[in-house]
Each structure stands twice: as C-alpha cells, then as structure tokens.
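These are the structures in question, set out in turn.
Both complexes below contain subunit A, partnered by subunit B and then by subunit C.
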Partner chain A sequence: MAANSNPHDNTYNSTTFSGPVKAGSRRQPVPTYDRDTVPGTVAVTALPNAGYAICSQSAAIEQTSSSESVNNIVLPSGSMIISIQIIVTTAFDATDDKDLGVCSSPEGDGSVRFLGGYAKLGVVGVYDYGDNSNWTTTTFTDYYANRWKDVSYITGVVAGDSVDIRTDAGPGGSQTGRAILTISYIPGLHLLT
Partner chain B sequence: MSTTSFAGPIKAGDILNTIGTTLSDDVANVGFATMVQVYSLSQASADPRWTDIVIPANSQITRMAFLITTAGDTTSINIGRYDSVSTSYSWFAETVVSTAIGLKEVEGSDVTDASRWKDVGNKDCQITATWTDSGSSSGRAMLIVEYIQNNNLTA
Partner chain C sequence: MSRSTFSGPVLVGVDDSSFTETGTAKIGPNWGFLKMAQSASITQTEYPTNLYPSTSEMTMVIPGLSTITRISVLVTTAFTGVMDIGQVWVSPGAGGHIEDLVKDLVLTAVGMTVVGPGDTDDLPTNDIRNWMNNSSAVVPTSGDRCIAQASSTAGSGVGVLTVEYCQAVNLEAIW
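Entry: the complex of A and B
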C-alpha cells in the first residue's frame, strides 16, 4: 500500500444532492401559532422537528504577496455561514499581525467585501474566525453579521448567484504561512434576500 | 434548489459494524451528520418566546450560538426547553451576553446543566428563549442550535 493511500478508496462513494438535506420525523410547517401563551397552543409533538445537515467546504490557504487569493470555496446563493475555522499549520507573520482576512469579491463589483477583520495567526493552532477578539480591529460590525446571515446580502452579489470565498493575507513578512480554511453553512436559507 | 428530507439520522462510513479489531478493515467507522436549526430572535417580543426550533427526542446538543446582528440593550439571553407537559423551564444556558454585534458562542459558565446537552430527553424539545427588554427593544439575533439526532447517550 502506497504511503498516504486511503484504505477505503474502493468502498467510499459520494452522494450528492442539489439542495439542502434535512432530517426529522415531522417536516411540514404548522400555520402560525401563538408563541406567547404558556404552555404552547400547539403540542410540541405536532411541530416540525426537521433540521438541516451542516455543509462544509475547505481549502488550503497560503500567505501570499498578492491579495484576494482565490480558493475553491463557493457557497450557494442565500446560504447562512454558521462557523469559520482556520487550522494554521505554518505560522503567518504579516505586518501589524494582519495575517488573514476572509472575504468575497462578487463578479462585476470589483470590490473586496470582508466577512470580518484580519485574524492574527502568528502561532500554529486551530482558530475560530468568528472570534473577533483575535482580529487586529476587533469590531464585529452589523454588515459582517448580515453577510454571515445571508451571503447573498454581500454588496454586489447578483440575486441567485453563487458566492465565491477568497482570502486576503496582509502585506509583509516571510509569506510562509499555511492554513486550512473551513466554512460551515446552511445552503439556500435566503434569510435576507 | 430542491430539498431532500429523511426521517431519521443521517450517517456515513463504509464499515457499518465492528466484527473484529483491525482498523480500516473490520472496526465500524460510521459517524453522524451534525444537524442544525436556526431561529430569528427579537428583543421586542414578549418573554418567554417560542422558537420554531424543535429538537428530536434523545438528541445531543453540540453547539449553541447567537449571530447578533443588532446588539441588545440588556446583557442576557436565556435558552430554555419545553417538555410539552408543564410550564417549567430547564435552561440550557443562562445570561448569555448580548450587548455586542457578532458571533456569540454559548460556552463555559453560560451552560446551566451539561446533562441537558448530553440528551434532551425522551420527548421532542421545543426551544424557548427569554431576552429581557429594558426599553429600546432593539436586539436582533439568529439563534443557532447544532445537534446529533437521536444519539441517545447514556453516561
């Protein structure tokens, strides 16, 4: 067996769906009910209990001299981002700790739209990008939050278009930083669009 | 975009049962897909407020978080459960800070009773929330609840 070969290569199959995958024993919505009455006006045993399977996409990230490095992460229109993880395998060392920002650059818009600030990734480890206390500028603005809530809310994204995710490593340093970026999301919720 | 739905938990792995001791050969490697439900909370609503989040019985909660899009004017949100037979609330988390925009993870001292996270119980669990309104009613957030369906843990 060759090094790094997968012992399951012959048995792994991939099952792919075009839309969200849900699971639960009840899936049909109940007409509007009174949420202010205790106990509830509709028994919990009659309410839908189906949830969404979380989808994730990952890409290898390099600290490069050019900004807006293109990754292989493309999110369906209207998706909600629920977490972003960065696994740093080689420490970043950009000037002023502006190691990595996660962003998008919608087609035809020409501008970079960030999902948060620049994360400080100067030590090998696992980082939660949603933790704004680790950003160089710590303010989590409402436009960042709304872009997480619905990626199609990003300025310049055309309704119905997929959204490409990019990263921007700040300037300076030896540019040897390496990481794996993973975005977890619910496809196609369209909470704002 | 079409939706595909299943009644029971979604699992993946190519060795379904353990019939030996050799990894990659005869030791089960099947895992659960983690599920998620979200609900839009408003500080202006009356407490307690029902959410549309209903967790299937015997599920394990793996994460609760708030994506706060408008900061609240009080410091705390409580996340509760409803067992469908009483008016009592058994909190999953209490006094979660809500006064800043951003992703607020429920963790550490926010968690009231870890056993409720381990297994929500033998009935479906409708999630409730309270978000004290001190006047401005400004707060808005998405409640995110991740879970493993019907994991049915005992420990």
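Entry: the complex of A and C
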C-alpha cells in the first residue's frame, strides 16, 4: 500500500457489509412489553440481546496551517461516536496550544461543526480527544455531545447522507506535528434523527 | 439502514496463521472477537429500591458468557448526585438478585464519561466478577443479563449509556 493512501481501501482480504453488523440470539422486540408501566412481566431470557459491532476508521493527520483539512474518515449516517483517539508520533506546537480540533462536515457541504475544542498535543503520546481537560477551551457543551450522539444531527445533513470528518490544526509553530486519528463508532443508531 | 445479523459471536482471523513461539515455527488461529455494543437513552431517576425498575433495562440485554470491556455515558444534560449501574438475571423490575457493575459514577459534566478504576473500587465483595459474567450469587452464572441503572437523587440529567462487550467469550476457564 502506498504511503499516505487510504488505509481503509485494501490492507488485506476483508468482508464488507453495507449496513451495521449485529449479533445476538434474539433480535425481535417483545411487542406486549412496556418497560415503564409493567416491569417484571418478561423474563430476561425472552428479551432481545443483539448488539452492534463497533467500527473504527483511522487517518494520518499532519499539523498544517490550512484549516478544516480533509482526511479519509467518512462516517455512516446516524452513527454515534464512542471514542476519538489521537496517537501523536511527532509533537504539535501550534500557537496558544491550539494543536488540533476535530470537526464533522455534511457530505457536499463546505461548512464544518466542531466535535470539541482544540486539543493540546505538545508531547508524543496517546490522547483521548473526549477528555476536555486537555482542550484549550475546557467546556464540553451539549451541542458537542449531541454531535457525538448522532453525527447526522447537524444543520445541512440530508437524511441518509454520510458525514465527513475533518481536522483543524491551529496556526503557527513549526507545522511538523504528526498523528494518527482513530474514531470508534456505532453505525446507524440514529438516536436523534 | 440495512443490517447483517448473526446469532453467535463474530470473529475475524484465520485458523492456520504462521508464527514463531520461543523459536519454534507454529501454525494456529489468529482470530479475535468483534467488540459489540448496546446503547440506551437514560434519564436521571431515583429508584429507592436499588437498581430496578430502570428505563435502560428493556433495551440492554447482554448475551450469556460475554465479558464487558467498557462502560461509558455520553452526557447531554448534566446529572446531579451519582449513578449506580448493575445487572439483573431474572426479570426486569421484578426484584430478585441485582449485582453492581459500577458504584457512584459522577456525571456532573456534559460530555463523554468512561468508567474507570475509581468507579469500580468500592463494589460489594466479588461483584467485580460481573464484568466477566460470573455472578457471585446467581445460578446459573452464564445466563443473559439485563443492564440496570439508578441515580442517587432525582434530577434532569440526560445521557446515553453504552456497554461494550465481547460476546460469549467465556473467560470462566482463566478468570
């Protein structure tokens, strides 16, 4: 595989599904059961136990002065993000520690919406982007949280469209920072749409 | 969105991979379990009788012999007080034995909270086994279990509870 190519293309043989992968011995809901008003009337062994397979996509990130850079991560419509990991291999040094922000962007829409603040990545290591104590702006507000809860819950998203993930390295510094961004998500939950 | 659904666990790998173990060439499997997840919307509700009934119970049933690998709450409206997360084996809301997975989880900040050592260091004796589906008191210990949650106080907190697990990995032999 050529350097800097999309790592999701063809690393080796793969089995690909268009929809979410679920597993469990019982998949159908119990139509007569109301969890709020008649608890205790159904055995656990009668309830559906199928869960979703967790998916992840990764991309190489460079510290550049251009904002909202496109990478190779595109999330299916209605996905819920459960973690964003940044493995820093070369330290970032943007002005005011605004090293890297992660954004979502509707497919075909030039606008972007941040998923959090600018993370400080001044030391080589593994970072949890959801840890807002490492942001230059420390507030994790509900509009960030709702974009994690349902990536399609942003203005401009057409129903069923995928959502592009972009990154924004702040200006200044040597621009030599390098990292691997990995987003783990549950596809197709549609918790808000 | 269309779905592909399997009854049993999904594993990825091959049966005949080549590797070297202490200098000796060997052939064996390299497959691993897909990590699965179930999520449920939760609201801050106080249940004086411990963890049931709970709004999350109906939608989260973990298959038997699964090992829980991560529990998180994506908070969209901050909670007050603390939350306990546990599991029931028999019937949601009907009582019976309930065991803890998490004690006194703090959810006072909007954002992603991942359960860590500080949220599991004061579980009742042997309840840490629940993460590996080995109940300390319920027989059989290998059955499906329903996730339950309750807050210490009533309030307006809102979030999404997500339990990640490896389905039917059955760690009983090594735990």
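Note that in this section the second predicted complex is superposed on the first by the 170 of 193 C-alpha atoms of A that agree within 3 Å, B and C clash if a C-alpha of one lies under 4 Å from a C-alpha of the other, contacts with A are read in each partner's own complex, and residues count from 1 in each chain.
By our rule, a contact is a pair of C-beta atoms (placed from the backbone, for glycine too) under 8 Å apart; a residue touches a chain by one contact, two chains touch by 3 or more.
Since this is a predicted model, take the numbers as computed values, not measurements.
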{"item": "Room on subunit A for both subunit B and subunit C (clash or fit)", "value": "clash"}
{"item": "Contacts of A:Q85 with subunit B and subunit C, given as first, second, both or neither", "value": "neither"}
{"item": "Touched partner set for A:N49, first subunit B, second subunit C, both or neither", "value": "both"}
{"item": "Which superposed partner A:P76 touches (first subunit B, second subunit C, both, neither)", "value": "both"}
{"item": "Which of subunit B and subunit C A:V21 touches, first, second, both or neither", "value": "both"}
{"item": "Residues of subunit A contacting subunit B in one complex and subunit C in the other", "value": "17-27, 33, 35-36, 39-40, 43-45, 47-54, 76-77, 80, 82-83, 128, 130, 132, 140-142, 144-146, 148-149, 186-189, 191"}
{"item": "For the subunit B and subunit A complex, residues of the former touching the latter", "value": "1-10, 14, 24-25, 29, 33-38, 40, 45-46, 48-52, 54-56, 65, 67-70, 82-87, 100-103, 105, 123-126, 142, 144, 146-147, 149"}
{"item": "In the complex, subunit C residues that touch subunit A", "value": "1-10, 34-39, 41, 52-53, 55, 57-59, 61-63, 72, 74-77, 88-95, 109-112, 114, 143-146, 160, 162, 164-165, 167"}
{"item": "Interfacial residue positions of subunit A with respect to subunit C in the complex", "value": "17-27, 33, 35-36, 39-45, 47-54, 76-78, 80, 82-83, 128, 130, 132, 140-142, 144-146, 148-149, 186-189, 191"}
{"item": "Residue numbers on subunit A that touch subunit B, as the complex places them", "value": "7-8, 11-12, 17-27, 33, 35-36, 38-40, 43-45, 47-54, 76-77, 80, 82-83, 128, 130-132, 140-142, 144-146, 148-149, 186-189, 191"}
